[in-house]
Each structure stands twice: as structure tokens, then as C-alpha cells.
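A, B, C and D label the chains in the order they appear, each numbered from 1.
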Amino acid sequence: MSPFVAELLIPVFKILAIIVYPMVMVIVMIWLERRVVAWIQGRIGPNRVGWQGILQPFADAVKLFFKEDIIQVNADKFLFNLAPVLVMASTLLSFCFLPLGEPIRIGTYELKLWVAESPVGLLLILGLSSISVFGVIFGGWASNSKYPLMGALRSVIQILSYEIPVGLTVLSVAFVSRSMDLVEIVRRQESSHVWYGFLLPVSFVVFWISGIAETNRAPFDLPEAESELVAGFHTEYSGFKFAFFYVAEYAHMVMISSLLVVLFFGGWLPPFPNVKFLHFLHLLPGFIWYLIKIMFFLYCYVWIRGTFPRYRFDSLVKLVWKWLIPLSLVNLLVVALLGSVL
Amino acid sequence: MKAIVRFLKKFFLVDLLVGLSVTLRHYFSRKVTIQYPEQVKTPGTRFRGLLRLYRDEQGEPLCIACKACQRICPTGCFDIEGVKAEGAKILRPVKFDWTLDRCTFCGLCVEVCPTAAIRFSKEFRMTSVEKAGLRFDMPGMYEEGAELQKHLCGGCLP
Amino acid sequence: MTAVRDDDRILQEVADALRARFGDAVLGTASAKDGLIVRLDPSVLRAALLFLKEEQGFNALLDIIALDRLKTAPAGPRFEILYQLYRFPAGQRLRLSIEAAEGREIDSAQPVYKSADWAEREAYDMFGIRFAGHPDLRRIYLPDEFEGFPLRKDFPLEGTKRGL
Amino acid sequence: MAFEEIELNMGPQHPSTHGVLRLKLRVDNEVVLGIEPVVGYLHRGMEKLWESQTYHQIVPLTDRLDYIASVSNNLAFVLAAEKLAGVEVPKRGQYIRVILTELQRLASHLAWVGFMANDIGAGTVLLYGFEARETILDFFEDYAGARLTVHALRLGGVPYDLTPENTAHIRAVLDGLPAVLKDIERLLTGNRIWKQRTVGVGFIKADDALEYGLTGPALRAAGVDWDIRKRHPYCSYEDFDFSVPLGRNSDLYDRYLVRLEEMRQSISIVRQALDRLPEGDFRAKVPRVFKVAPGEIFHSIEAPKGELGFYIRSNGTDKPERIKMKSPSFINLQSLELMCKGNLFADVVAILGSLDIVLGEIDK
């Protein structure tokens, strides 16, 4: 393969793919959410546009695209416009570090299914995910309206609380795998014969709960609680900017699910990758396994949303500081002790 | 002991799992949505749909223009005039106007009608694209089915 | 049905107590189909309510009902105001009735029963009866700039000329 | 940190004000300092309108007050008018009325559980409640011809007899309800989030509740045994064996439990009425021109939302001189500020939901 193709075209192609891939997942997720919640509630859900309503998200997108873009007179225009971009960009950027599958060999060239390789990919993702909060805060502040402001304030409280258990649980994974590189973490799970989800169940549960909270999803959807704050921080947004927030939220969910899979469920690995007689599972490409696992967690997102009431923010903060943080601290301590003993 | 059980139940999220099991069961259960234009729910036996005037078996109008319905109507949506033709024994309506947009479908007119001339049909599609579709005159009160839909909608339905 | 007969007797006792306390200010009693009505002079209204609440145990005011008697009794005071009281847990109901000429201010029941707040605002909104001592006597249903009092009998049924 | 006190306008277009209610809130960040409800957006001048209608014509108009429980409105008015005119309703008619109003109470409470849960964020319960309510409305459609504004009662009784098909239909509906209630219980009663949101929230002392004229399940949740069906029985309620559930803590959770238990009691009342349905007429003869001798009456019933009363003054014609409606939602809403003060903004929505207000009834 010519160096031109390898050095230039493939990265460009990868960059395109990393934009298209989350978008496709978002579309599937939007459709999945509406259908699954409907089924849980005894309804059918959108089923008219395309096969089983799969094109409904496109129809919504087209509608939003042609809607009037309203900017309030008293809004801070710069921040108001910046906020959706910030949220979208930071979410998309974090997809760069997610490995989608095992490197594919084409002749001598090794096609890696991730855009950027970094020894601290995990940290970068966490950092980017914190940046998207700024988008929420800017959006709520710049709207110059009371409900968005309250939504933004809630968002700050929520993120301040949930970043800590996320960090602590991720740390426990890093302890066990002795790496911050996502690809390396997956490889370690292969070589250590066990997915970290089973090795570190507490870390997994705490990370999962915190992940739901970080994506502002039910039951932690306080910043946009529709029965209280109308639409929370994006109340004043319309048209395409609203679509940006909307899509970014779903992309963020896909990202957190991917992270869950990579950290705790062996990324692209099939179940029991080292057991001989289950080797036929390798017939399915790693990417498909990866997708299956992601879809499971995305389904759980919807399932949880369809079941639970919403937390109030004081009890949410209480949950973090009284339960999750002590739990993850003890967990980290135990992991560190066992890790140094064994 | 009880406290321990309660703590363990709380720690292992038993209450939340119970809820999740309920929604999971409903996920696989029968759906109640009626997909409207294709499926239509059969109206109940005494369904109060659009008011219609009826004729007897010989095709003679049943209405005798007694105006009982006009008097009982809480919203005053009838305007009836009766004329006794020469030699005839009973009044016959020459004008029977009904304003659909004022009607509350309370059913008092149907109950007081001595000849059961005015009755509820099972027609529930009463949208109209123009105000004229909501005004019925005497011939309009006898329309049924497709003819009636054409009156209401001006033929917008296929 | 014995309970109902008991109620009549107990309410009669209450009426007697009222009469003993307020003398001539109790203009009379009448029995309606649902219980006893005590007609009072408006000047003792608040004292009577307080007496009934504190000493006779009528701890809830269910509703305040205003009437315009323009057509039925054009000679007398124009308005009649009824106070529907309830005694819990015994369950007797008593109705106080006062008459108010147009423009006369009635003592507010709000300091005695909190539930009178909105009921009096409604009476003011619909009839223009003013209650002295009410903390916040504004229109409750209609917009503040509305002219006239719609439930008065001389208010046209189909709206004013300027339209609604 | 010092916060600025801000005034927050909630409604009349807001997802959880249950219609066109406007709340003027004074909040300190999320803590509520004061609430002023502003009503009247749905005011249709019903009381003025009634003065120009005959008694027969008023009955269907009462449907439009509390449109979640229209049969209860019919019953309150019809009973007041009948008592004033001295009309005796046959026993069978009374039993059918009990069946219809208790079914309506079930429908109203099912809708309430759904709305309340939806306000707290559990949208699924709303759909489960509505699914069950739908079966009751199907019966109303079959029996009276409409689902929401039913107009199921007439002066003197009920318009139609209950046929064997009708009773079978009701029994089928009743058989389906316990499973729904169980599902709702499994989703909410033990759920820790639901408990965190409801236990200890919206407290009101029993004395204050009486002082503010609170009635209905919210009052009973405060431990006050005030049920008109027991104390002033109407429609032969004394024939039925049922208990009045009471709460102890006077919070949202108790109001929820009280309403769930009331639904169970209603199911039992309807079953008893069906079992003992007497033979005979279902409607007394009432003249078409229903003239009522001059007099006055205040009659109230236990509606799903609280004590619903009608004061009627007649003047000897077939039209009333004045009708005043004591609507439970209107009086109950007054106590909102007392319950909300010092709570969080998110609780306002829940407390408002727990009062079960209907704007059609508040604004008349």
C-alpha cells in the first residue's frame, strides 16, 4: 500500500467515519428509545416513516433543520451560539479514542480501528466529557432566562458530584490493567481471562450509575426535567441548535456505553475469548460483538428511563456523597491492597 | 435480623429490580394502541355520534316539527320551523338547521323526541375544513356515510 | 336516620347558644332541607364566627355563598351572604346568613377561617361585595380591568356591549 | 453564599400545572419562599349560565367542571336538585348511581396516580393508569354514549337500566384493575426514588388542613376521618360495607397510599352494588318542566377530589335563582403555599400534583 494512501487518505477516511459512526448510532438510539419506551408503556411508538419507523429521526432532523432559529433579544449571542457547538464537538472528539475493534491486517498494512492512540486515552475522554458540561452551563446562562439558568445550575451541581466517583472507579480499572490506554485495557482483559466487569463489580455499578448521571438521563435528568423546568438548559433553543444539543446528548450516551463496554466488558472481545470450544464465537467480527454490547447498555438506558421516577437534586447529591463516593473509595482501597498482595 | 435484611435489600437494589421486572414484562405484553386510520375502534352501543334525522319504513320523515329538541337544547343549536300542509294532519319541518359546533352531545334532544326522529349515529369523524361543513340544514341531516363525510370535509378524505 | 334528627337538635342548641350570646343580633332561625340557617346581623358576624369556631367547635368553613336578590326581594338589602360551617368530627353543618345592602362593607371572615380568603375574593369578583379586613381583596377569576360584576342580576347574560 | 430572591413564573403554559394554572413563585435558587396561584384562565361563567338554564339543561353542563370525574359532578348537582324538589329516587337507580360514581372515582384516581407519577418523572405509570382508566371509559361509552363528558345521570335517576351485558362488562373491568394496581404498587410503593420524593414532603398539620378547608384524600391523609359517604350518606351508601383509609403523616406518600386504598374500596363497593342490585325502577317520574318550589339547599358529595357541594336557591320556576358550586379543587388549592414553603422547587410540582386539582372545576 502506497504511503500516500496509508498516511493521508486513511486518516481522512477515519475522521469521516468517526463523525458518521456516532451519528448512525444516535439515529438508531433515538429510534430505539422511542420504540422501547413505547413498548414498555403498552404503546407502539413511531412506525410510519420507513421500515418500523426507523427513518423517524431523519424526519425529525429535517423538521428541525427548517425551523426558525430564534435567538432571544437579551441573550448573550456569542455564548448562546457557542454552547451547542461545544457540547457537540467535545462529545464527537471523545469518540476518537474509542477502539472499535481489533486492528485489521491488509497485506502489510495494519488498519487500526481507532483514530487516535494515546497512552492516556481514558483521561482524555473524561476531560472531554467534562468540557461538554461547559456547553450546558453556557447555554443555560446565555439564554438569559430563568428556567435554563436553573437547569444549568443543577447541571453544575450534578457534574461536580459525579465526576468524582467516575474518576475513582476508572482509577480502579487502571490499577488492575496498569494502563490508561483503552486498547491496552481491552488486551489485558483478554490476557487475564476475565472481563473487568466481573472482577470489579462495584466499580462497574458505580461507573454505570455515574455514567447515567453524567449524560443527564433519567432518573438523573434534573437539568432538563420537563415536568419542572420545562426543558431545562435548552428551553430557549430552537431549530438546529436544539438539534445539536439533542444529538449530542444521545452521542454522549453512546460514548458512555462504549466506555462501559471497553472498560468492563472486554471491548470487541467475544465472551470467553480464551476458551477453546467457544472459539466459534470468534467467527463474528469483533466490531459486531462490540456493537451488541453497546446496544445492550443503550437498551438499559431506555429501560431505566421507562421505569424510575426522577431524583430530586438534594437526594441525588446525597446519593453521591453518602453512597457512591465512599463505596468507590473503599473499592479502590480493596483493589489496591489486593493488587499489591496478589 | 430484619434490619440486616432491609439493608441487604437496599444495597442490592431489590426495589429497583422489582420495578424493572414490571416494565420488562410490559415490554413483551400486548400493545393497546389502535392504529387509527387502518384500525377503527367500534363505538359503544349507545355511542353519541353525529345527530341524524331518520325516516320511517315508508320513507316518510319521522320529524313532526314539535320543537321539543329545540326547547331542551342547553346550547340552542337547533333552528326548526314546521308547516302544516293543506289537508295534512301533522306538522312537517320545512327548516331543520343544526349547528354542530355548538352541540355538546348531551343527548337531551334524543331523549325528548316523541317520534324518535332525531337519533345519534355512530359517526365520530366530525372534522371540517370550513365552517360551512359544521352547519347542517334539513337535507344535510339525512345524509349518511360517504355523503356525510363529503358534507363535512368537502371531500378531502379519499 | 336518627343521626339526622340528632343533628337538628344539636344545631338548635347551637342556635340557642348564639342567641344567648348575641341577643337581638340573631335575627332568626329557619330550617332548610339540609339543616339550620341562622340569620345574623352583619355587625356581629366576625364575633359570631369566632364564637362558633372557638367555643362551639365549628372548625371548618366550607364555602361562602353570595346571592343577589334584585329580582326576588327588591325592597330589602340587595345581597345575601351565606357561610357554610362544618363541625368536625361530629359532622353537623350550620349555615349563617347575613344581609348586606349594596355598598356596605362586611367584616371579612378570613382572620377567623383561612379558607375564607379565596371565597371572599370570589364574592367580590362576582358581586362587588367588599370585605373589610381582607388582606388581599382583588378579583380572582376575571382580569383586573374588567368592569362590572357578572353574577349580579343586572349584568347582561350575553356580555356587555364592548364585548368580553 | 448569598442568593438573589427571584420571581419565577410557572404557567399558564407549563407541562405540569394540570391545565391553565399560573403560579407566581418566589424562589431562592431552588428553595421556595412563596407561591401565589393565579386562576381564572378557564373561567367560563358557569354559575351565570346556569341561572338561565332549566334544571334538566344544567346536568350536562356540570360535566364540564371536573372533566376527569364528570359523573361525580352530575351526582352532586342532581342530588341537590332532587332533595330540594323532594324527588325520591328508586333504590335501583340509587345503586346504579353508586356504581357509576365509584367507577368514576376509580377512573379519576387512576388518572391521578398517572399524573402524579409523571410529575415526579415516572411517565410509564401514567400510561399504565390511563390504560386501566380506558377500560372504565369504554364502559361509560357503552352505557351512556360518551367517554369524558358522560352525562350519565338525569334528574330522578339514571337514563338507562343496567343490562346483564353491562354488569358483565363492569365485572370484567373490575377483574382487570387489581393487577394494574399491583403493577403500580410494584413500580412506586417500594421504590426508593419515589419514597425520597414523597415521604415527608408537602406536610400539612390536620388543624391547618381543616382551617384551610382542605377536603378529600389530602385531608384524610392528614388523619382526619372526613368522608361524607359515611357521615351524611347519600344514594344508599349506608348499605355498603367499606372503610375510609386514613393516613398518618400527611405527606405525599400518604396521599398516594390513601388514594390507592380508596381505589380498592371502590372496587369492593361496586362489587357489592352489583351483587345486591335491587329490582325495580331505575328512574323516578320527573316532569319535563321541572318546577321547584322556592327554597334553598346545600348538598355535598364525596367526589374524587374532595367535598363537592352545590348550593341551589330556587324561585318557583324551572330555572334556579342561583347556584353556587363548592368546588374541592378551588378550596384545596389555597393550602398550596402552606405546603410548599421551604420545600424545593421540584417539590412544588409534586405537591401540586398531589392535590389533584382540575382547572375546569377551579375556574368554573
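Everything below uses one rule, namely that contacts are C-beta pairs under 8 Å (C-beta built on N, C-alpha and C of every residue); 3 or more make two chains touch, one makes a residue touch a chain.
Note that the structure is a prediction, hence the values are computed from the model and not measured.
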item	value
Pair with more cross-chain C-beta pairs in contact, given A-B and A-D	A-D
Taking each chain's C-alpha mean as its centre, the one farthest from chain D	A
Averaged-CA centre spacing for the pair chain B and chain A, given as whole angstrom	49
Geometric centre distance via CA averages, chain D-chain A, whole Å	45
Distance between chain centroids, defined by C-alpha means - chain C, chain D (Å)	25
Multi-chain contact sites of chain A, meaning residues that touch two or more partners	40-43, 306-308
Where chain B touches two or more other chains, by residue	16, 19, 22-23, 26, 32
Multi-chain contact residues (two or more partners), chain C	none
In contact (per the touch rule at the top): chain pairs	A-B, A-D, B-D, C-D
Residue ranges of chain B in contact with chain A within the complex	16, 19-20, 22-24, 26-27, 29-33, 35
Residue ranges of chain A touching chain D (in the complex, touch as defined)	37, 40-43, 146-147, 150, 153-154, 218-219, 221-222, 225-228, 230, 306-315
Residues of chain D that touch chain B when the two form their complex	53-54, 56-61, 63, 124, 128, 131, 134, 138, 141-146, 149, 151, 159-160, 183, 186-187, 190-192, 288
Contacting residues of chain D [partner chain A, same complex]	6, 8-9, 14-16, 29-30, 117-124, 127-128, 131, 187-188, 191, 193-194, 196-197, 344-347, 349
Parts of chain A lying in touch with chain B, wherever the complex brings them together	36, 39-44, 303-304, 306-308
